[in-house]
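What follows is subunit A paired twice: with subunit B in the first complex and subunit C in the second.
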Partner chain A sequence: MDFFGDFPEMGRQDLRELKKGIDLAFREFSRANGDSIEAFFEPLMFFMVGLEKLLIATPWPVMIMIFAALAWLGARSIWVVLGTVVSFLLIGWLGMWEDTMATVAIISVATIVCIGVGIPLGIFMSRSDRLQTAITPILDIMQTIPSFVYLIPIIMLLGIGKVPGLLAVCIYALPPIVRLTNLGIRLVDKEVLEAADAFGASARQKLFDVQIPLALPNIFAGVNQTIMMALAMVVIASMIGVKGLGVPVLRAISNQYLALGLMNGLAIVALAIIFDRVSQAYGQRLQKHRQGGHGV
Partner chain B sequence: MSNIKVSIKNLYKIFGNNGKAMVQHVENGCSKTELLAKHKHVLGLSNVNIDIPARKIQVIMGLSGSGKSTLIRHLNRLIEPTSGEVLVDGENVLGMSDDELREFRRSKMSMVFQKFALLPHRTVMDNVCYGLKIKKLPLAEQQERAQRWIDRVGLTGFEANYPAQLSGGMQQRVGLARALATDAEILLMDEAFSALDPLIRNDMQDILLDLQEELHKTIIFITHDLDEALRIGDNIVILRDGAVIQKGSPQEIVLDPADDYVRDFIKDINRARVLDVCAVMEEGSATSDLQFAHDTILEEALPLMSDAGLTDATVMRDGAAIGMVTLADMIGGIARPKGHGQTETTYR
Partner chain C sequence: MNKYMKGMVAAGAFALSQGAVAGCGEITMAEMNWASAELMANVDKIILEEGYGCEVELVPGATMTTFASMNEKGQPDVAGELWTNAVAEPLGVALGEGRLAISNDGPITQLGEGWFVPGYVQENHPELKTAMDILEHPELFPHPEDSSKGAFYGCPAGWGCQLANANLFRAFDMEAKGWLLVDPGSAAGLDGSIAKAVERGENWFGYYWSPTSMVGKYNLQLLDFGVPWGGSANWDGCIVKAEQDCADPQPSSWTESVVNTVVTSDFTANTDAMGYLSARVFPGPVMNGMLVYMADNQAGGEDAAIEFLLQHEDVWSAWVSADAAAKIKQSL
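Moving on, here comes the complex of A and B:
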């Protein structure tokens, strides 16, 4: 009866040994390799620090003009541009300019890293079913595991600072772009691929002339999702030393400053909406050729 | 024979995990249904042997599932055969390395697809350039050659349009121009006009016949439409369940169908458009002065004779009389043969 009443756990002693063993092993690993891993990420760190300094040092009217120009290039809509300008003016007026620039810097770097890693990974994944079966569960883990859990090994390995923060953001934000690149390439019309084969296209010519261009709308949806996920990680990243809008939010939580939390939270929302509208409108313009009709 | 351009020899295609082992069963007379029921393999092609002459239009015809699209994809090896040979100019396509195969596809054989298969993100000009771009020709030459073919298929002025902005017929003209632009000697057309509505299909057939008069390419044309086959084919092969049922000129097929399947196919066609006066000619000399060239089709000969109020005429070849036809002969030729095409069997 005892067997059904209490779960047959492994011994307490054994369990403690197991946990201790894992902890020790990882500590050993990070002691041995921490420096070299840190050195590996150093260029990224310089880039991130440089970008942040540049964004903050540039006079605010110039920055707002740059944002407005980017919004116009992406969305081609006067309303999106107007919304962008008003949002940034409000953010500055409410004293959040520097934090916002720091956040824009880390989001930009995180997005670039995710695109750089995610698109090639998605392409490889689309070419082999075996690779897809291997990578999909890893992506599932990256998206569902609570961020605090992977913050622990990252901190043990790299300490507190910008690079571990960036890493945490990327772990969370990478999966959508990998998934959607893979999906987009797999969804490319088989007939068009067959035509490319029939005309003697090499694998490389097929990839760059047919598969990537036709997958672009999906790939772009992935970029958009990646940006959104990165923004969602801003507060958690600030727990391990990333500057930006997350820091005041954290302070507001621990001190129950309602207004401070609300303002900075809304600033994050504003950034999210701007990035989303601009990148979505751009993605839609990429598909212009799909419009039918004989309006010649 | 030197004028055989493409030669298909003992070609088998069996879909399934262990196709090679199944060839033996098929050789021993196992049918498509038996093979599927007993061995869980699908018979795609069964011992196909076709010699395709150079500079002619070879039609391969059959209903859906007869293996015609599978067959055409063996010619440029988009599908690997289970066993057999495909010789193009005496060279075995199946023995080519990947590089050789790519080169072969780039220069020797081009293809037009049923659903056009154009690049939706490229303009008409870029689509027509596609085969030349793959061959890495200089851009100026690409565009010059593409422009020539765009003009030739009647799409001048649409160079900057995207495929989605064109009608089906126009899209297939782009497909045709794209295939012709590579100057390949062999043109594969996989149900190229089947997706178009009848009037446009007629237009496209005219364009193709026009072009062929000038270019004399070896065209291998797949269709399920017998009227189309009879209209454009110099030779026709009829496939059923992956096997060749009959080979011959349109006239031979209409006059002498190999079995009920073919008979069923031809029962509704316009025989006057296929048969020529030779087919119904008899010996002797005519009482009238009316003369027909030996390849005059009945559709043209009949009104000439009735307009002249005559009942017979002399058939001429190279300036010499080779026989005569009577009105009754011609009308008899057009009439559907008795007992033919009356079967209850349906194949659809």
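Moving on, here comes the complex of A and C:
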């Protein structure tokens, strides 16, 4: 009867020993390999520090013009450009310029890293069902595991600062681009591939000249989602010493500074909307040639 | 007459005991988000529930949020370990207006906050006797992202001590001396930076406080500031305020830490609980020992509270009536 009443759980002592053992093993690992792992990420850190300094040192009118130009190149819409300029003017006027530049820096690097890792991974996944079965649950873990759980080992390995912050952001922001790259390539019509085969295209030509171009709208949706999720992690990243808009948000949370929290939160929202509109419009323009029908 | 009196006394005693039970009733206690306060809150919970028949609900919170809630809303009833330096002025006002009361002005002995280094820093560099000596050597504490500067680890954003550290950073002119103030972002960030540095034998310099398992575990040494106390006008009127309200901070040692058990004025009517709370004083070494136990065994506040009650009966039995002590002992 006892067996059904109480769950036959592991002994308290054993459980404690197990937890301690895992901790100790990780501590040994971080003691042995921490320095070399840190050295591995050093170029990335210099890049991030440099980019942040550059963004902050560049005169603000120049930065706003660059943002406006990027918005125009992406969206080709005067409204998006106007919205971008007004948002950044407001951000600067309300004293959030430096924090915003720091956030833009880490989001940009995070996006580049995620694209660099995610698209190739997605391509490999699309070519092998077995790989897809193996990677999908890992992506599920990355998206759902509470971020504080992986912050602890990251801090032990790399300390606090930009690199651990970047890793935390990427763990959360990487899955959509992998998933959508994989999906996009898998959704390319069988008939198109047969046609490519009929023309005698090699596997390499099929991938780069047929599958990837046709999958671009999906891939771009993935990039867009990755940027959005990276921005969602800004506050979490600030909890391990990343400068940016997350720091004043944390300060506001602990002190009930309503206005401070609202302003910085809205600055994050403004960045998100700008990135979203620009990258979505760009993705849709990529799709246009497909819908055009007549010309192509 | 005599009989009549006896009846009155009996009735009175009955009413009193009834009143005490009804008066104890439901209590909400703040469970602050650091280990010693978690332990204290859980010890309070067990003792008040088992010994006095109260119903205790623990409310998680941080210093600022808990104080604001008690001050404005009268909830939670009790903040067991409130570091009052951070809220000195509003607490003074609240005490004056009778909204809050102090039931214990020293629930833990031998505590303090200030600037710490790991023990081996001073062993390897005996010339670094005070914080002022360290400020002359930023090159010994390189910042991870800019090794030409020294890293001083301040308080996470939103903690009361964040403002004090930022203002002292200005008062000591640390930027000109080659230091950067690092915002570790969270308690996990601050602890992680210490753990990582000590595991690798790197130097670390920053703010911390005792009693904590970190201080015991990593042998952190509280530094003498090397400057005298700069007066309470400077500290309370400037150092603990936001930067815009503190135009000219003056060098000073860290203020003497005051930790209180603060209760709302409504709660002071709860005589049993108030009596216990005013007697409950953890000796510093016992608290430190419990904190190392918590860290080593990854014990939460509740587990640690049971361990404390089992191991240190001599300490806690002095806080409660013999009757309550027997009941608590039986429940363990």
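The rule we apply is simple: the second predicted complex is superposed on the first by the 291 of 296 C-alpha atoms of A that agree within 3 Å, B and C clash if a C-alpha of one lies under 4 Å from a C-alpha of the other, contacts with A are read in each partner's own complex, and residues count from 1 in each chain.
One rule holds in what follows: contacts are C-beta pairs under 8 Å (C-beta built on N, C-alpha and C of every residue); 3 or more make two chains touch, one makes a residue touch a chain.
These figures come from a predicted structure and were not determined experimentally.
> Kindly say whether there is room for both subunit B and subunit C on subunit A in the superposition, answering fit or clash.
Subunit B and subunit C fit side by side in the superposed model.
> Contacts for A:N255 in the overlay, against subunit B (first) and subunit C (second): which applies, first, second, both or neither?
second
> Tell me which partner A:R31 touches in the superposition: subunit B (first), subunit C (second), both or neither.
The answer is second: A:R31 touches subunit C but not subunit B.
> Just subunit B (first), just subunit C (second), both, or neither: which does A:R76 touch?
neither
> By the touch definition at the top of the document, which applies to A:I152: first (subunit B), second (subunit C), both, or neither?
In the superposition, A:I152 contacts subunit C only.
> For A:I240 in the superposed arrangement: first (subunit B), second (subunit C), both or neither?
Only subunit C; A:I240 stays clear of subunit B.
> Scan A:G161 for contacts with subunit B and subunit C and give back first, second, both or neither.
After superposing on A, A:G161 lies in contact with subunit C but is clear of subunit B.
> Where does A:K19 make contact in the superposed view: on subunit B (first), on subunit C (second), on both, or on neither?
second
> In the three-chain superposition, say which chain, subunit B or subunit C, touches more residues of subunit A.
Answer, by number of touched residues of subunit A: C.
> Between subunit B and subunit C, report the minimum C-alpha distance in the superposition, expressed in whole angstrom.
Subunit B and subunit C, overlaid via chain A, are at closest 46 Å apart by C-alpha.
> Find the residues of subunit A that appear in the contact set with subunit B and again in the contact set with subunit C.
Overlap of subunit B and subunit C footprints on subunit A: empty.
> Quick one: which bits of subunit A touch subunit B in the complex? Just the residue numbers, please.
Interface residues on subunit A, with respect to subunit B: 189, 191-192, 194-202, 205, 209-210, 213-214, 216, 289-296.
> Quick one: which bits of subunit C touch subunit A in the complex? Just the residue numbers, please.
Residue list for subunit C touching subunit A: 62, 64-65, 68, 144-146, 156-159, 162, 182-186, 188-189, 192-193, 195-197, 199-200, 296-298.
> Flag every residue of subunit B that touches subunit A in the complex, lowest number first.
Listed in rising order, the residues are 76, 78, 101-107, 109-111, 113, 115, 117-122, 130-131, 133-135, 158, 161-167, 178, 182, 188.
> Can you list the subunit A residues touching subunit C in their complex?
It is residues 16, 19-20, 23, 27, 30-31, 34-35, 45, 49, 148, 151-152, 155-162, 238-243, 246-248, 250-256 of subunit A that touch subunit C.
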